[in-house]
Structure formats: structure tokens, C-alpha cells
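Structure first, then comments.
Each chain gets a letter, A, B, C and D, in the order it is written, and its residues are counted from 1.
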Amino acid sequence: MKIEDLKKDIEKLGFPIKIEIKNKNELYVDIDKDDVKKILETMFKKYKLYFSGQFCLQDKDFIINVILTDRKNGYLIILRYKTENEIVSLQGIANQSNLFEREISDLFGLEIADGEDKRNIVKHEIWENGIHPLRKDFLYGQRVKDLCETEEYKFKEVITDGGFQIPVGPVHAGIIEPGHFRFSVIGELIENLEIRLMYKHRGIEKICENVDLNKLNLIFERVAGESSAAYGEAFAQLIEKISDFKVCESIMALRVILLELERIYNFLDDIAGICVDVGFSYPAKKFGYMSELIHQLCERITGSRFLRNAIIPYGSNIDFTEIQREDVVKTIDIVEKRFNEIVEMTLNTVSFLDRVEHTGIVEKAIAKELNMTGVVARASGIQYDVRKSFPYEVYRQLKKSINFEEIGGVFERYNVKIAEIRDAFKYIKTSLTLIKGDVEKKKQWIDIESGKEGFAVVETVKGELIVFARTGENNKMDRVYFKTPSFTNWNGLTYAVLGEIVPDFPLCNKSFNMSYSENDR
Amino acid sequence: MIINIIQSMILIIAAPLFSGILKRIKAILRGYEGAPVLQPYFDIKKLLSKERVISKSSSFITTVGPIIILSAAILSAFLTPVFFTAGNELIGNMFILIFILSIIKFFNTLIGLDCACTFGGMGSSREMFIYMFAEPVVFLILAFVYFETKSFNIYKIAKLNAVRTDISSAHIVAAIAFLIWLIAENARMPVDNPETHLELTMVHEAMILDISGRDLAYIELASAIKLAIFLTIFINIFLPFGMAVSLSAAALIKAVILYLIKMLVFLLIIAIVEISIAKFRLFRVPELIAASFSFAIAAISMMYFS
Amino acid sequence: MKFLIDRIKNGNETIKDPFYENGYSYGKVTVDMNKCIGCKNCLKQCLVGAITFHEKIEIANKKCIYCRECLNSCEAGAIKMNNDYKLSEIETAGEELKNKIFKRFNRSLILRSVDTGSCNACMLELSATTNTYYSLSRYGINFAASPRHADGLVITGPVTINMKEALIKTYYAMPQPRIVIALGSCAYDGGVFKDGYGNFKSLKDIVPVDLVIPGCPPSPQAIIFGLLKLIDRI
Amino acid sequence: MLEILSAVILISAIIMSSLRRVNLLIRGFSVQSLAISLVCFTLGFKTGEVHYYIIGALTLLVKTLIIPIVASKSVRELKINREMKLIIDGYWSSILTALSIATTYVFLDNFNNDFVKAGFVLMVLGGIILIGRKKAISQMIGFLVMENGLVLFEISMIKMTLIIEILIILEVLMLSVIMGVMVFYINKAFDTVNTDYLSNIKE
């Protein structure tokens, strides 16, 4: 279906006030506040759309945007309604919408009209009451004050005979980011797990609104360190989409190389983590070493071990010549050979398989219900990859199939990650052939008029990242919104550990390996 | 008598060295340069100069526990022959030795419970869970040793086995049973991962999460001594060939060298086992110990009915 | 047994000297005042305000995020970046230093890492120091599971309001003498998140800092250099 | 030497009785058969009788190499990695093993030969493996362990003629071939059955 046809089709439904197509694949549907639930239900039924997120804009009123994605055709449909002080709760219609609603409620001070779950998510007890930092009247540079006396956060109470609760965190043992986990257990069996995050909330969306567009890529890259290149790519895609600019194929291929390099070292770290958590130290150390080799390769070609400040809008911020090309080929070959050997070794070790097989299972139905994306969803049998549904750069030529597994346990996630690494090796090699000649470093000044808006969709190592941006005055953004993959995927962990024993929790957690940083923002 | 004291002193002093060597072997097998073999000594020295932090909910157990643990470990070291045995029956009853060693375990679990932190409690309960299964195996092995040598005294057992030339198949099966028990008792892989940083999976480490400073040094030293004693008991019961039974210089030197070689070989075996397999699921551990149990039964029946 | 064969085939992976000259690493940014034409482009271009101009351009290493934007913006080519990653500095003043005696940790230093709001690149680099290539444990430096076992706290990222309490609790759970290491420019003064509403201005307001390892993120080499400098092994 | 070998045989049998993984079971069986063939060679070396060597060689060839290879191949083809649910689980089968070993040794107290007892123990443990598993392939291994017990029994106890021994070995080989073929056949049969078709029937 073409997007124009879709537009006409939706017009026929009779609810919308105004429909607009922007940037080729974005459909903005303005509706009335009272119709939201009705129209959403009809659209879910009629067009096989997926709920992807919800965010708030502030003009004179507040505008709530509901992001729906069409994974088959690669369209984004945005339902918009104006409101003064309350959000229409979609809890019960769109899954996981409570997260988005609670976030909007905390940051903009809107009330959730009729939802069940109204607990604070971003605002912890230590925050001063009545502060809504993303509102325009909360000035940039101002800080949230902390209270001395705090009240307790209400965790769900699961009380059974012989059950007790184990609180873990926010500071964990080992080198891990902060988050609070509360297990309700009977003996060693986990009955319920509640995750509390947002310990790292720094207010990146507010910072993004106040930084010049030419420096903004640096902030984007620091939303999540491990997916720096993907976030840089999101920024480049966003700016190029808004200003309708297309870069040449060589630069596109170079970007794909960087994105896939990032995927390799992340997944290597992930599978190393899985091995560490089952105490299988030999492969863990070797995967760690390979990841180090890739990091060093990244440092050699971009000057940063995390590929920072390499992907910029309108061009490339690095030189890519024959020397770098040979370096990439050589290192990738070494790592690939070694990688296959070690993977073979792990798959032949019975004690390792004993631990990972049939552990931490997330069933397909649950994964679907939770809107999970990325590797963890593909391990549960959801065949969705942004690189296939919303192809960017040269992925249209590269990404032909999707790696997925059926059962959705730790072992399947391990396998999908391995398959992704193998794919990444392949894509890098193909992309290298697409680069014609040398790529030269070229930085172009970004200058965009106000009032333009657009979305960028990128597959980071964790899953589907959707970034919305609207430009404002003084070459700055008016609003930036990140729908990060971890935000929805985190709750999958809750279901994965149900019925498992407490010592298996770290293993399940590591196989998910969601980012706290991008979730908290 | 003096030689007994000297050999036990040597065991106590060398115990951290053995755990250092074990760590180093593991590092080398995994292809990197690990901590120096003397690292446990440096750690203990530093810990002794640090302040203690004791949480408010702790009782006197946390204060006296570590000292009791260390003294139990040292005491049991004095009840074990290392490389010399004359076969005197004054000290060295196996039951006394085993029970003194379980004092270490008992106080460790008490300390784990005492700090009132969830991880300590979890660790203690897991430790007792494993210990409960492992206990019958010890007595079966002791029974086997009694059937073999008609003695419960480790000095005598060591002496009798040291001069023995043939080994029966029952002896080997019993040795395997003992080795599995040793691994379970000392919280090594695959029962517990001593290198883990994850408090939720820990067994042994979880109990001492709340201990700091001097106390930690005592407990670390005690667990190093415990591992060394267990390995020494294993060597003395099942592989005592070459042990000095008389006080001649040549025999002693030979005994010391053989002892060190045997120790290193077992450290190497433990290291290889720890590297090449993943940790078991907690509820699979009883199966491992059940296997050890049936080894012990098999050994006894082979010994007694042949 | 396959791993033994693999081990023999591939040999030792640890690098002998972790402080080798890394020609690709980022490093100290310097200004050649003779070439400078005073256009102040670099001041505008700097995201974190690490460049100041008082008669002379000065660049604060600890604040710099090493993005190289100032190099691009300098028309005169006065700003240069070398590969010297050895930027760590001990912050503690003389008297305090004597009391703490870092030499005590010369051969054994147990650290505890607390992430208070970083983008997690620093965490990855910190855990990279323990991999087989750098093998931090050979210097007797290890990471502990409990603050009670730790001698030092490694803090990454700006301190967010939500993490403040946990940080303070962890700090006081460590036995004396305790060390605080700020890893990365975010931990020093907020870095790129300096103006975020959710975090505090400076780590120094909350806990005393003994060592700053600048960088965004500091490379494993820089981290190892900083730690070894702290315990007086260099 | 013989002591060590009989210890290896017993240890492998005890470990096998509580294993869940089919390919570990096969590996254990292969080690056990290797030990038995070494026993045969040692006995042959001591007594100088040729037929020990022949049994040894046959065991080495058939039970240490061919059967494990065929079995592990079919395991790989069928993707059976482990038994999800044992009829007698690992813990209990270990205890059962211990008890049966003790009983065996008590009953056979009069025989003054280690291998007779070991052979009998193997037969009992093979039986435990046989009844404790659901998967055909691990039942086959249980049966083969019983066969191993028989071999041990005969080399130390009864002077069977060579023909019977060879027949036994051949029987075992046949069995494994049949198993292999059957297993492949099932596999192929499953390939052709479409699961969508099945669900259609259900509706």
C-alpha cells in the first residue's frame, strides 16, 4: 500500500481533523482528544500497526503524540491530540503505554486520566514536588532540588507463605550500571520481579533542546555509550531527512561499516558476559579479547574507541583510505577465524549448554505484548528488524533476511547474537566493496529553519530506536524525543526470570543486557 | 613432636601461596598474566592495616567469629601431617579434624546470617544446603578408610598408606569421591564460582560480603588454610607414597619435594576443571554430591566384600 | 581439552607494557599561541567550555571531551592534539595525602565501581582494563563485590539526584582509609551533561576526590596509568 | 593396571547412571569400552591366550569407535541433546546405583574375582540406565552397558567359545545399525509431515 492510499483510507474513517504526509514515510494524523481510544482500536484492527511510543510536545497547549509503526511498509503513523492538563490513558489498548504515560506525567506535569498505574517513574522520592523539568517554563540550567526527607516508593506486594523479598541495588557488585531490582521469592524460586530504573536520569532531552545543531551530535552519542555510532547515525539521518539531503553511496557504506563494527564489539561483550555469568571463564576471556581487538580497530580508523564523532550529517568526519580499508579487512579476518573456533568450543561444552538451555524464557506472545524489539525479541520469534523494515543507508541492499529463533531463552539470545556478529562480518565485507575510492573528511555547516519535524528509526545493538525532533529558533531543537529500545525491552526481563531460581537471574539479565543509560536518559 | 609443629607451621605459612599459585595457574591457562603468586600475602597485609566497618545490626558473632574461624583453621593445621608422620596416635583423630573444620563452616554461616543483609542469609542457606548433602559422603569415606587401614588416626593412616605398594580399585574410587567432596566443601567450581562478582549467584563469598578490614583478612587466611589442609589430607590419605616415616634428612627432603609436586599437580587439576566447565545450576549440585555418595558406597562395598 | 590446544596455539595475550606509544589515541590538546589569530572560534565550538581565553587560550584537560571539534574550527592551525594519554592527576592536597598514604595500596588495591549517571562508555572501558590484553590484576588491582572489601570508589558519570543517596551510602560503607577516583570528564564536572537538570554540579560537593582520570571515555591505558600513579607504582 | 582399569569402568558406569545428556552418555560409554578392551589386552598379555586379544580388538573397534560415532551422528541428526524428564531422575538414580552396587557386592561375596563383580555391577547399572530413560538412543546405550557387563563377566568367568563372543558382538552391532536406521527413518518421516497440516486437522 502506498502512503497516499493509506492517507485516503484513514480519512475515510471519519475521525481525523487533519492528515499530513511529511518526509515521505511519516503520516501525521490530528485527532480529537475524545476519539483517541476509538481510532486507535480501529487502526490496530485494520492496518496491523504496532504501538511504538508516546511523547509530549509543548506549544501553547500540550500535544500528545502516539507513534504507530507499520513494519511491513516502513511507515510511521503519528496520532496527535491537544490537551491542557491530562493524558488519555491507553492502558489496556496499547501495551506498555503506562511507561510512556507515567514518563510524560512526571516530566510535563499532565495527569493520567483513567489509567491503573499512575506511579512516578522518573521522579524519585528525593525530587522536590511540583517540578516538571521538560516544560518550557522550567529554564535551562535550573536544577531539580533534592529533599532531605523522603517517602517510600510502593513496590508491588506479593505475599505468600514462606515468601520474602530481596532488594538488590541500585549499586550492584561488579562493574554494572545502577538499577533497583526487587525479587519476591519463595526459597530460591522467583515469584515476581520488579525493576525500578531511572537512577541515571540526567535530562538529556532538555540538554538537546539547548545545544546548537552543529554540536548536537556529541550529545546524541552520549545518550548511550555502547551505541554511540547508532545514535550518531540517528542524528545524521534526522538532519538529512529534515533538510532533504542525500549523501553519496560511499559515505553510506562507510556508515554501515561503523555501525556493524559497533554491533560486533557489543555482542562480543554480551556473549562474553553470558559465559562469565555461568562461570565459563575461558571463552569469556577470549570473547573479551576479541572485543578489545575491535575496539582498537575502531580507534585506528576513527580516533575513538567508541566510534565517536565519526558519523555526522551531510558527510563523514573521518578519512577512509586504502590504509584503513586494509586494516579493517585484516582485523576482521583474524577476529572472525578466532570467533568461530571459540563459538564452536562453547557449543560443544555440555556444562555450558546445561546452564543456558531452557533458561529465562520469554514466550513469543509475551514478547509481542511487551512490544519488545531487537535481539531479545528476535530470540523469541518476532521477525522484526529495523534494518529490514525501515532500511537506511545501504541496508536495502545488504539486509535480506532476519535472524531469529523460536523459544526465547538465554541460549536462543546467545545464538541470535552470534548470528548477528556473523552477519556483521559479512556486511562489513560487502560494504567495503561499495566504497568507491577514498572517503574524505568533510564537515558541512548545519543550518535549519524552525518548525520542521521528522523521525529517525535506527536499529541499535539493543533494538529499535526512534528519535523525534522538531527544530526551533536559533538553529536549535525545540523538542527531541528518544524512544529507546531498552525502555520497552526492560520489562521482558521480568517475565524471563519468572519461575527461575535467584542464582540464574544474573544470567538472564546479561543475556538481555539492556542499557540503563539510554532507558533513563 | 617438634617436626610436627614445624611442618604444620610451614603449612599455615604456605597456604596463601597455594591459593596464589592456583590463581596464577588459572590466569596462565586462560592466556594472560594474572596477579603475582604472592598477591594473597599483599592482600592480607593491607587488610590488617585497615579499619573495620561493622553494621549496626551485627551482634558479637561478627566480632568474635573471624578469630574463631582463624583459630579453628590453625588448630586443624596442627592436627594434620604434612610430609612427615611417625604414626603416633596422640593427636590426629579424623573425626576431631573433620569437626574442627566444620566449625569454620558453622561460624561462616553464622556470620552470614548475623549481618542481617539478604545476601548473607542467602549465602548461608545455600552453604548449608550443600553441606547437608555433603555430610554423609564424609562419613562414608571415613568408613572406607577405616576398612582399609583399621584406623581413624590420620597419622597412622598416612603411615600405613605411605609404605603400601599396591593400590586397589576401591582406593581410586574412594579418592574420586573425596575429590568431589573437597570441591564442594571448598566452594570451588562447579559448585561455586570463587571469581564471581555477582552477589546473587554467590555461595561462599556471599556470607562474607559484610566483613571488612582485619576480620576479612582472618577469614581469607582461614579459607586459604582450609583449602591447603583439605588438599593435604587428600594427599596423605590417598597418595602418601614417599612420605617421610623416619627422621632422616634425605627422607625429609624427598618427602617435601614430593609433597610440593603432588600439591602442584592437584592445583593444576583443579585449575583445569575450573576453566573447562561452567558452573552447575544450584539444584544440580545435589546430583554431583549424590554421584560422590555412590562412589563412596561402591568403594566401601569393593573394599569390604573382596 | 580443546581449550588447552587453543591456549597453546594462541599464546599469551597480555601486552607487556600497557603504556606503549599509541599513535591513534587521543591525548593532550595544546595551543601554539604564536600561531593563534584570536578568532575565538574554538571557544564557540567547544561544547563543554573547556577552552578559556584570558589573554591566552587555555584548555582544561580535565573538562575536555576530546571531540577534536576545536582542531577543525581553528583556521590558523594553532590547536594541536598529541597522543599523550597520561593526563591523570592526583587531587588530594599534601596534608591529606600523608594521612591516606596511597603507598599502603602499593601492591594491593581493591576497587568498587559506582556508576552515577554516565553514558556507560566509561564502564565499558573500566571493565576493558580487566580483559586479557591489559590484565589489570597483575598490578594487584581488583574489583570487589562489596564496598566493605573495597579501598577505593571509582565513580563514572555526573552524580544524578536519584543516585546521590546510594553514592553516599556506598562511600560510608567503605572502611578507612578510602580513595575516590573520578573517571571521565563527566565525573569531574558534569562534562556534556553539565547543565542537565537531573544532576549535581560537581562530584566534589558530595565526596572528596583523590584522583581524576580525564577523557571521554578515558582509554584503558589512561585508566591504568592513573591507577598506577595513585598507588605509586610509576 | 587392572585395578585402575576396573576403577575406570566402575566410575564411568556410576557417572553414566545419572547423566542427562545423551552425547555425554555416548562419550562415557566409549571410555568404558576402551577400558574394557584394555582389560582384555592386559589379560591377553598375562595369559598369552589369543582370544583375549580378539575380544579386545573387537570391543575397541565396535564399541569404542563405530557405535559411538553412529550414535552421536544420529544424535546430531535428530537434535536430541538431553532428556528433558528422566523416569528416575539423576539424584535418585545415583542413590539407586549406590544401593545396587552394595547389594551386588554382598551377594557376590564368594567370588574371588574383581571383574565378575564389576561385570555384574555393569549389568545392573545398564538396567538402571535402560529403565530410567525415555529416549530410545539412551536406552540403547543402557543396553550396551549391559553388554559390556556381559563381556567382563565372560572374560573372567566362563570360557565361552570364540564364536559365541563374536556373535554377541555382531548382535550388538546389528542392534546399533537397526537403531541408527530406525532413528533416521523417524527423522525423515517427520520432515515430510507438515505441522500446518496437523493444525488444520485439529480445527
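Convention: contacts are C-beta pairs under 8 Å (C-beta built on N, C-alpha and C of every residue); 3 or more make two chains touch, one makes a residue touch a chain.
Chain identities (UniProt): A = NADH dehydrogenase; B, D = Hydrogenase; C = NADH ubiquinone oxidoreductase.
Since the model is a prediction, treat every value here as computed from it, not as a measurement.
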Contact counts by the stated rule: is the higher one at A-C or A-D?
A-C
Measuring centre to centre, with centres taken as mean CA positions, what chain is farthest from chain A?
D
Rounded Å distance, chain A centre to chain C centre (Cα mean):
27
With chain centres defined as C-alpha means, what is the inter-centre distance between chain A and chain D in Å?
52
Chain-centre distance (mean CA atoms) for chain B and chain D, in whole Å, is 36
Between chain A and chain B, what is the gap in Å from one C-alpha centre to the other?
48
For chain C, what residues touch not just one other chain but two or more?
3, 7, 10, 13, 132-133, 143-146
Give me the residues of chain D that touch two or more other chains.
none
On chain B, where are the residues touching two or more other chains?
29-32, 196-199, 275-276, 284
Parts of chain B lying in touch with chain C, wherever the complex brings them together
27-36, 39, 42-43, 45-46, 49-53, 196-199, 202, 205, 209-213, 216, 272, 275-276
In the complex, chain B residues that touch chain D
166-173, 176, 284, 286-287, 290-291, 293-298, 300-302, 304-306
Touching chain A in the complex, chain B uses residues 26, 29-32, 118, 122, 189-190, 193, 195-201, 274-284
Touching chain A in the complex: which residues of chain D?
20-21, 23-24, 81-82
Per the touch rule, the chain A residues reaching chain B in their complex are 166-168, 172-175, 188, 275, 277-282, 285-286, 289, 349, 351-352, 354-355, 501-506
